[in-house]
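Heads up, there are several structures right after this.
Two complexes follow with subunit A in common, the first pairing it with subunit B and the second with subunit C.
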Partner chain A sequence: MERTPHIDVRNLKLVYKTGSNSELTALDDINFTLGKGETLGIVGESGCGKSSLARAFLSYTRPGARIADGQLYVSGVDILRLDGSGLLKYRGGRAALVPQNPLSSLTPHLTIGQHLTELIRQHNANGGITSQQRALDLLAAMELPDPVAIYKRYPHQLSGGQRQRVVIAAALVAEPELIVLDEPTTALDKTVESQVLLLVARLQKETNTTLVYVSHDLNVIARMCERVLVMQNGKVVEEGETKSVFNRPQTEYTRTLIAAIPKLQHAKQPSPVRLADSAPILTVKGLDFTYGRPKNAGSLFNVFKRVSPPPTLQDISLTIQPGSTLGVVGESGSGKSTLASLVAGLVDGNEGKITFDGKPLSGLATGRQRELRRRVQMIFQDPASSLNPQHSVEQIIGRPLQIFFGMTRAASRDRIVELLEELDLPVTCLGRLPRQLSGGQQQRVAIARAFACKPDLVLCDEVTSALDVTVQAHVLGLMKRLQREHNTAYLFISHDLPVVADMSDQILVLEGGRIRDYSDTGTILNHPNSPYTRKLLEAFAIASGHIAQGNLKNVI
Partner chain B sequence: MADISHPSAFPSAMRKLKSPALRRALSEPATVFGLVLVAIHLFLAVFGPWIATHDTSALVGDPMQIPSWDFLMGTDQIGRDYFSRIINGGRIALMVSFFGVSLALFVGTALGITAGYIGGRVDEIIMRIVDAMMSIPELILIAILTLALGKDVLALIPVIAIVYTWGAIRVIRAKTISLSMLDFVRAAELRGESRWAIIAREIFPNLTGILGVELAVRISSAVLRISALSFLGLGISQPTPDWGLMVQEAMGVVFTDPWFLLLPALMLSSLIVGVNFMVDGLSRAFGISSSELG
Partner chain C sequence: MGSIMNMLGRRLILSFAILSLTSLIVFLGTEVLPGDAITATIPAEELAFYTPEQLADLRKEYGLDRPLPVRFLEVWERLFTFDFGTTLIKKEPVLDHIAHPMINSGILAGLAMLVMLGLVLVLGILASLKPGGRLDTAISATTLFTYSMPDFVVGNVFVVIFAVWLGLTPAVIFAPTNAPKLTILLASLLPVAALCIHGAAYQFRLLRAGMVEALNSDYVERARLAGLPTWYICIRHALPVAMIPMLNGTAQFVAGLLSGSVVVETVFKYPGVGSELLRALAQREIPTIQAIAFLAALAVVTANFIADLAILGLDPRVRASAQHG
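The block that comes next holds the complex of A and B.
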């Protein structure tokens, strides 16, 4: 049965103004149609134009951008030509956007109830009941516990997952025919993401809404969407049924994207050499840690004073062999970053329970011996924050050489060039500032800075979570090579289980500051001990399994 | 990707500019307008005495003459050359503002970084002093200071410095705190760098943009403040030419010869408007967000 398509995009072209008469094409000649109730995924690396396209569905362009050409028909109306009250009615009425960061899309000083009732009144969408009752119904439909309590709360009092549900509720106020979701779960933990995806899928089926889902995560798209659009540099490079595109990609670019996804099946086997019974490089025994612990917590007189905060880490014990990797997985708030900070010496209070190469590793880094500071290095999550924007690459990598090896500027230069080559960075980078490098290059500079010290242990805190999948695969490959060549041990922290499985000889699963599971990688993946680890594995396995097995639809 | 071609305003000159930020700045007419106004004012401040050759305080002719080749804007109520006084009326105020504000920023940066990075009790002490000083109404503070330091022009420099230090401490402290949160400071701490090395190497270089903006904005604000003081008789006094003083002199003839009021006012406002346009444009182009400015 052939009908007119619900959404029809024709020759869409969007340009950004970059100077008084120069423009940059962000979307070029986009053409596709979508039927009512269909789900479309848009994938691509950052900067490919997927968010610009998502916003075009709401007839919105970012400041400095304009639609240069083309039409976008929704139910036969070219929404790019709408203006004034027509546009106001369209946005939020017939089409709605769920943005990436729910905290910045909610007004901090308004309660959740005020947010929803305002929208309901604006769109006259109360359907015969009071707006308050309608808002409560919506919150209940979002499977939020205790809607009445949520209704009265402010955005900052909700968790990330709850906020995203509230934003989805706000999008559904006027029962739109089209919902655009722009990376709605990127900021969420995997298990929470899983729940939100289930909710969206259920709502989509119940209401037969057309769904456009933008994500860099192919797993999520595979789970959610019947059709997919692969974008590169503002152009559609591949389009079709999700199943066929992901199983039989036609273009090199799509193949690269799919190959770059870390898969649980490909987890490396622990090498017997690396887990041999040599003396461990790092040992942690029975570590407890609480932020802001009151000095005399045991005193009787403190009974009526404020309750001491819950411990961040409880009874943590682990060992890392030289040259091997211990992966630490857990969701945000599980204490995994605190663990790294304690080992690194960014926070005080490990009470001598951490030993490095037989010597106690206590207190703050500034109080430790220089040799210890050199041998334990840390790589941070976001290179935009860990590299000083005013320092050139040469200065950034050269500083540890001056401090730890007493090299002069001239002497350090050869060593810096050597390090750049080890990390596949061009020598022309030397004089550049961090902002003149791509995200992947920045992170490789940060890695070079750590390896400049010839460390024995490198603490990696979510080092690839800010990167695109293809870049992530490259960086992880380099890190493995460096580890082999220099026999460096890694404490590898991530929320992304497949990445950790790919990198680690052993895995430690943290939840709420306690160890839930701690064993070699194979055992964790195949015979997890705790229900929590099983839940975590499922959240990833379902998603990864889709692409590999072609088992795409109706699992949810 | 399409390449970023050069804007058409000054095609040949623009192509030579390597910095894309500067190119971006110069492609905005408002910024260029601001830069031109500021350039004119700076030029007049430096070369004023060579442009208008009459002695600014000498009685050179009959009072209230109409413009002529000798006196381009005529003479004022007591027979001084009005053109020379207009051209040179901003010199002293600008000079005093420049040195006063520079001093304030120097002290403000030192104390602001210390409070922001060291934190703790040091921060507490510095900031409570700042709060106390900022709670004194500014004009009262200035009046007390001028009475204490005397009415000499040079005495105005410490007065301006004292008035502007507190705001500078706050701005620099706020920016230092947000910089201290970033991981490159963590990385430096892990290398074992001393506090002073972190302040000098890691934090200070990131403050230069905001300091440039502060310098320009506060100088223009100080010029206005000095004019207000001169108008009230607390700032620059006769016979030194000053726009604020000239506005005050013109009060008596404002209905018969509004010229005497409008010209100094125009000079003053063109300087302030120019500085603001320039700073707005430059900070936008160089990516200093307005939220960082106190």
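The block that comes next holds the complex of A and C.
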């Protein structure tokens, strides 16, 4: 295999234009080879150049970037020198890319059938049958139920997993010899991810395709790839067989990456002390909620409206003790964010079924007393959109101090600096705008803003989902410390079971707006009640088992 | 599908309400404000010879003594049944007066629309292929310049260049309103160009922005990486999405055409409804004014309705949200 490498990357260098005569090196001196039918994983944190490298395999650079140096041979041809019709034949014909976000990667006004047939015609890939029949066969090969119905649908009418299968089908149209997958399951729920990975693994084996798999998720790479390439700042820091790299990492960076992965077995022990019978800070009893209830059904323009949508939450009851954490796990659409929005008062309609510190919380935050608004804070998933882009860090953190504690600007400054220190943020951040900070720093500013209020309950909605694993580990550690020091309760929402297990004293499992399981963390992990929780546990156990145990081959 | 019909039904009801409101405003403006139809129609020097009794008789004759709501309902009913009545003094059907100018103006506006859309599509796609490139800079700068020029300036500049200096076309159009339509079509070339220049600039900016965004999208990147040719991606993947903001602008362009054509028709002496409206206003020909105002409003409402239909056709997600109410 080593004698005639299928893929041979030599001295690859890619630069981004950052100004009229300044350039930033995104990929620097990349060298490696890959045999036919091998699977290579590329890992690294965001900004390490792995997406740029993925695109280079298709001789493509994003606008503003160019290949400054090097060759990339696929079956002996330097594909970086291809142009015109040769390039069109290569892309989608001999090599294909499966993009990260299947919804935004499918053209909204074209049906699934149109997406596939246009590629089949372009690459003359119908193999003696009609384009339509070939498209239907591909959809069936993706294990999609009812291909005929899917064929006629538009992208927005499919589920996330279905869309990802369609995008994979589109990549396989011309039976390429090389498939590059760029974070193909990042946008998917864990159980769906599991199924898609199995599908990709099966197709790869059947067709002996060379596979390049880009991901920030080391678990997925461990599961899918024989070889791995660890990247940092545009350079390869470690390369080799996945098993040996992950079991005996040679560089500090790889060790940090591996250590940062949340693992189920690291779940924190339930702390009965904190669950002691003090009065709960938050109680929810028999909460039902449906979006878009016909509030103004009588008005002229609603005469044509149909029946109301299905309930988003049904019969939700829970309690949170002061200073403890209740984790809420569920997949997209399970209603977990709606639950947080109801407690936060961003959505009206709790109907007096939510009580905070013994007093009922009114529906909308605007109807609550200032003191209550101070005591319940929320941190959102995307700090880039939850922090005012026009305000400096000092203004962002200072605002609650001025509103809730009547501090003057000068007086609040000391407190802001103190909060920055608590969150490991440098004081030099004070004058910066959110976009001048990294994602992890932005999220820490959002946490500082919440803690500036000295809250009793903080609602955390997927707060680390957008962060790299090492950054996530850091942020979660800080949150635990803040909780201990300030005796703050968390309602911690995430789709990521290991993260929730790591953070929570109790866990509530939501599916389709109903509680499937609700118990202390140890019980949920070891003796789950519902089949749904077991399925969820399995999906994560499969994913996180390998690196620790090193059993890569048995899974697929 | 049922809910899409519902949405369209709602749109139709809304259009109907807008037209009713327009007719109310026109009615109030022409018949109720100080100086009613009689005193407005009769020249001041003649008015001095009428006794109050004679005026009252006249008002009775024209039915102007009846309560306002009754008179409005009557006007409303006439307008909505396209029965525009007769002119006040000569008693000729209003329709005869405005039919030819209407058609002429329709030719002008329709041609302006077609030329504008064609121009905008070509320029918009070309400019978006390389945003910030030389072609884009040239087209964008030119359209910014023409966008900032009012219709009457463009019209006069055209007259000076094409008629006075180059002598290619007559400076003003002598064709009567009922001239053969081919003559009208030929005569409308300069006015069409003048009308387009302004509207095309705005539409171009909308389309270019839409195209640049669409071409930077993930789905266009995926299409490129799948080996589809650029021209195909532009037309099939990017253009339908990019056209949506432009179509809303196009509906506005129709409204702009109506006011723009009054100016342009005056500059070129074009035998259209704009000059007819000016004449009717000068002579206080109330039924004619009402008819033209109503038909103009109808044209704008129809244009908006067509734009909505086109957007529904282009974007299945809008169809879906229509289904959710």
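Definition applied: the second predicted complex is superposed on the first by the 541 of 556 C-alpha atoms of A that agree within 3 Å, B and C clash if a C-alpha of one lies under 4 Å from a C-alpha of the other, contacts with A are read in each partner's own complex, and residues count from 1 in each chain.
Quick note on the criterion: a contact is a pair of C-beta atoms (placed from the backbone, for glycine too) under 8 Å apart; a residue touches a chain by one contact, two chains touch by 3 or more.
As the structure is a computational prediction, the values presented were derived from the model and not from experiment.
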Combined model on subunit A where subunit B meets subunit C, clash or fit: clash
Partner chain in contact with A:Lys190 - subunit B first, subunit C second, else both or neither: neither
Touched partner set for A:Asn21, first subunit B, second subunit C, both or neither: first
Which of subunit B and subunit C A:Lys89 touches, first, second, both or neither: second
Touching partner for A:Pro99 - first (subunit B), second (subunit C), both, neither: second
Contacts of A:Ser385 with subunit B and subunit C, given as first, second, both or neither: first
Subunit B versus subunit C as contact partner of A:His495, first or second or both or neither: neither
First (subunit B), second (subunit C), both or neither touched by A:Arg227: neither
Steric overlap of subunit C with subunit B in the superposed model, located at which of 42-50, 150-158 or 222-230: 150-158
Subunit A-touching residues of subunit C, taken from the complex the two chains share: 3, 6-7, 9-10, 216-229, 232, 236-237, 240-241, 314-317, 320, 324-325
Residue numbers on subunit A that touch subunit C, as the complex places them: 55, 58, 60, 62-63, 87-93, 96-97, 99-101, 104-110, 118-119, 122-123, 154, 156-157, 167, 170-171, 173, 292, 301-302, 304-306, 309
Residues of subunit A that touch subunit B when the two form their complex: 18-25, 233, 344-346, 364-366, 368, 370, 373, 377-378, 380-382, 385-391, 399-400, 403-404, 449
Subunit B residues within the subunit A interface of the complex: 1-9, 23-24, 27, 182-184, 186-187, 189-193, 202, 205-206, 208
